[in-house]
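For reference, chains read A, B, C and D in written order, and residue numbers begin at 1 within each chain.
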Amino acid sequence: MNRLSEFMLPPQKSTVAEGTDALFHFITTTSIILLIGITIAIIYFSWKYRRRSENDVTPVITHNSALEISWSVIPLILVMIVFGWGLRGYVNLTTVPDDAYEVRVVGKSWLWEFHYENGYVSVNELHVPVNRPVRLVMSSDDVLHSFYIPDFRVKMDVLPNRYTSLWFEATETGESVIFCTEYCGTAHSNMLATAYVHEQEDFETWLLTAGAADLDMDPIELGAELVSRNACQTCHSSDGSRLQGPTFLGLFGSERVMDNGERIIADENYIRESILDPNVKIVEGYLPVMPSYTGTLNDRQIDAIIAYLRTLQ
Amino acid sequence: MATNEEIKNRKRIQVRRFVPEEFPEKHYLNEEKGLWAWLTTVDHKKIGLMYLASIAFFFFIAGVLALLLRTELLTPARSFMDADVYNQVFTLHGAIMIFFFLVPSVPAVLGNFVLPLQLGAKDVAFPRLNLASFYIYVIGALFTFYAIASGGVDTGWTFYTPYSATTGGNVMAMTFGIFILGFSSILTGINFMVTIHKMRSPGITWSKLPLNLWGLYATSIIQILATPVLAITLLLLTMERLLGIGIFDPAMGGDPVLYQHFFWFYSHPAVYIMIVPGFGIISEVISSFSRKTIFGYWAIALSSLAIAFIGFLVWGHHMFTAGQSSLANMVFSFLTFLVGIPTGIKIFNWLATMYKGSIDMKTPMIYAMVFLFLFTIGGFTGIMLGALSVDIHLHDTYYVVAHFHYVMMGGMVMAFLAGLHYWWPKMFGKMYSEFWARISAALLFVGFNMTFLPQFVMGSQGMPRRYFNYIDQFQPFHQFSTLGAYIMGVAFVLMFGYLLHSLLKGERAKANPWGSRALEWQTTSPAPLHNFEHTPVIVNGPYDYHKPMSEFQLGIANSHNGHHHHEEVSAKRTETEQA
Amino acid sequence: MAGHSATEEKLDHLQHHFIDSDQQFEASKMGMWIFLVTEILFFGGLFVAYIVYRAWYPDLYLLASEQLDTFWGAVNTFVLIGSSLTVAMAIRSAQLNQIKGLIINLWITIGLACVFMVIKYFEYAEKFAKGILPGSYYSYEGVAHEKANIFFSIYYMMTGLHGVHVIIGIGLMLWLVYKAKKKVFHSGYYTPVEITGLYWHLVDIIWIFLFPLLYLID
Amino acid sequence: MSGHHISSAKFLWGVGITLFMLTILTVAVTWIHIPSPWNVVVAIAIAVVKALIVSAFFMNLYWESKFNVLLFVMSAAFFLLMIGITLLDTLYRNDPIPSF
């Protein structure tokens, strides 16, 4: 069973995973037993009652009450067990413990933002403490997304005008992949993030130093760091190749043609506006799909990104 | 429901053995000639064949799209198409397969062809409406082609707001095309329902109605009750794009989850529009090739109606993670399990029908067995997805993709192929190569399982659906899956080959090559223009296999095939009509 | 669903695949009833949107319905019920072979339907002038609710779709008048009149619900 | 199987006048301001009565075959199912509120 479990399901890294997997295995096993039964019946009947002559006479068997009742009632009992079991797991999945640590999640096309209580914002990196319930309160800036951590067996859609939430309690430290599972456009499949599970102390240290470390960095270095940390590279290459957005290479200071025909020099103000209010000016040939970074990046960080972009000539 | 008409008729009936002519010179295919006669025909059989050609065309297109998708997924990153192209391709694959192939396939092709034949009627109740529904389908298709040519659609076949309200491309033409298509589906449903109620030959009581017709009847009910809701949903979506009415678009203050309720109120019953007529075919085929009375006639008939009814109450199981209330999740989960029971009953009844039969493993029966196996897997994995806690993990992963392909392709397409091979001799009066048909069925079975079994594993490991790129660990599964898809492609090419050969050079089919007791086999192959030379009178049931064929009775009414009014009133007219 | 083109033969309407007139009539009528089922569910979708939003924002409906004129809504209700009456009279005339009465009643019905549309036009025009436009074009400030646009979207969708049905009804009845003048209908064959009547009554029923739900919120 | 019921002109006028009266009634009850939710209940109840009168006597459902009556009832029932189950979601949503 363990072998099968490893083959079929991702590692169990949250408190709810075991319960969900148990039901998964129950249904799989029962189904396989019944499927084998049905298959054997098909093969056996096909061979045993194969046509011997064109004049075969078959008996008239129109019904059999005992048989019919049993094959209605037994499956009914089985599915009711499955329903109750699934419901119990679901209640567990939706009842958030009171002491849960809260993280705000914002889904944007195509990145995940994680806001912590101290105001720090990480992009595509969720840091959480181990063995402590964590509650994610989620919303979207644009279209529907869905937040999914296979290792934790949790998933919830992220909606534009409402908050939704999910909770989990990680049982071991390490990294787990986060997917977006509600189709959200071009780079839907690149909307990945990683959940980092730390020991409680390590988590606290990380939370204290994560933002502070930036202060010591040189602006260009910080800019490069922010470009990677904020998932800019999902849509903007720095080597000249074309993705969903224009490449960063040679961007600064060049003349840009907008979709309304206007020509603009890409200066500091243009880049700042493109980060904070990205859909005001759209370069010809691209779609207005970039999310706003207002509230994610502060002035110092924007300056650093501009400084970094200047170096990509 | 025996009408006065039937009772009146019965008095005039003289029951005689009725033996159809073999190899008729004149039949519905050659009675009227020329393209124009085909395009303006009101004959249900020809309309069925025109639908067959159309859906084969769309199946080909969407199948090629599927192969493109599978080819792209050979590598984790870009293989040969861009993400935007990929998104458009999977949208079109889904939308074309569902709206242009799966929904119309069994009712509009096989249903149209076989329904009046099984009722002993000369045509459906509203033949011109039937032709109109075909042209409505064509117009809907034209809109779709226009949508593809003018920017494409990348919303997924579900058109979820707000993405569908904001994305580029020509979503409006696409939704409008499907809106139009809905009317075609509704008209077919109305036609079938009225025909089954009002046009049954003398002797066909509700308990002698072939199970295929019970399936089509249940399907018609769903088409009639669900399709208008799709129409209003797509109309609102079109208005959302055109005017920004804001009912579904959160940017205007609306609620995207409400859109999902609207959409799935149609689209969940729609999967029963696709599969329930398949159940009907399987009942016919299994009984025919087992030469045995169907086991549990009423259980099968009523479970179709039960599925049609309960199918309306479970749409929310597509929305367990969508942000609907927990209460709704629980209710929907509970109701979902109830729909599994009538489905299970059918499978056991079919097995019991085979017990002590005289089983002939001809191609249609092979497809029926493939159906039983694959559809059972589809059903069990459906139970998995109905369980709340497990669904949270599996929702929107490849597990769901594999599940509905097992139900839709493993179930409905196999049933369709069973029906196609079963009624092929009646349609064209030709036999196909049994050898190549078996090879093709075997390839299809192997290819299908190779394609979709790995997807169950990928899905339960967490591979989300609609992904252009994926993480490396899934690559071996994807490659295996793609290989399976190619094998299926070969199987379909082979099928096209031997069916074409059958049309051109096939050996002529007898009136009743399978020794079936069903009414449609008691006329010539191919059938005459008005289906039967005389109005048939049903004495035995459609599954009376316990008597040898020589004792199987089928009466004819004394009068001339219902033309008697014309004779009484205007003899001249009758003559011209027969000329 | 009409019969073959008219000639002097009384049974020319009978299509060859039916046994007799009664079977054809019953089939057509059942077909129409099934079609009406689809119409009810088609509008049903809009009613669902209406009810869901009303349950969410009851105060929005109170405030926004003040922009609708109860008087003209009531007049239109009378007009439509009147037209239902005249359609019923038209069917009665056809059943009794009174072709003149049939044509007169159909004309009155068409007239009433046109009155309905004219009143609707003035209601729309008055709202458009105020800036109560559908969807994102909505610009009226007089309703103190942030979701006012959604109420009017629902209003325009419901009444607009109903209006389209009225226009289709007018078209069908003009066609009936044309056919009636060619003496197609008689007491033995009036199926098109009967089923158009059924359609028209359903349009009336939908308005019977729209009127209190949209205009009469106090 | 009825098919051809012919109503008398007097009867049709009677039905029409009843409907006119009910229309006046439904407007009139808004003047007395019944407290919510009863105002909605009364308005819908009158509308349902009117719809039933139209379907029974104008559309001849009263004399019609049972199956056509069943169709009409079914469509209403499925509409009620659709709205009823949708409300199970929309009325009982329990959205979390972020604490910061």
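Convention: a contact is a pair of C-beta atoms (placed from the backbone, for glycine too) under 8 Å apart; a residue touches a chain by one contact, two chains touch by 3 or more.
Note that the structure is predicted; figures quoted are calculated from it, not measured.
Looking at which two chains touch through the most C-beta pairs, you get A-B. Annotation: 46 Å between the Cα-based centres of chain A and chain D. A straight line joining the Cα centres of chain A and chain B is 35 Å long. Chain D has its Cα centroid 16 Å from the Cα centroid of chain C.
Among the residues of chain D, those in touch with two or more other chains are 1, 67, 74-75, 78, 82, 86, 90-91. Within chain A, the positions touching two or more other chains are listed as 162, 164. Annotation for chain B: residues 3, 197, 225, 229, 253, 255, 257-258, 261, 323, 326 touch two or more other chains. Inter-chain contacts, as defined above, occur between A-B, A-D, B-C, B-D, C-D. Here chain D touches chain A in the complex through residues 95-100, going by the rule given at the top.
Taken together, the chain A residues at the contact with chain B in this complex read 7-10, 16, 19-20, 23-24, 27-28, 31, 34-35, 38-39, 41-42, 45-46, 49-52, 54-64, 67-68, 71-72, 75-76, 79-80, 82-83, 85-90, 92-94, 142-144, 146, 148, 150-151, 153-157, 159-162, 164, 177, 179-190, 192, 244, 287. Residues of chain B touching chain A in their complex: 83-84, 87, 154, 156, 160, 162-163, 166-168, 250-251, 253, 255-257, 290-297, 299, 321-323, 326, 329-330, 333-334, 337-338, 340-341, 344-345, 347-348, 351-352, 354-361, 369, 372-373, 376-377, 380-381, 383-384, 386-393, 395-397, 457, 460-462, 464-471, 515, 545-546, 548.
Of all residues in chain A, those touching chain D in their complex are 102, 104, 115, 117, 135, 137, 162-165. Per the touch definition, chain D reaches chain B in the complex via residues 1, 67, 74-75, 78, 81-82, 85-86, 88-94.
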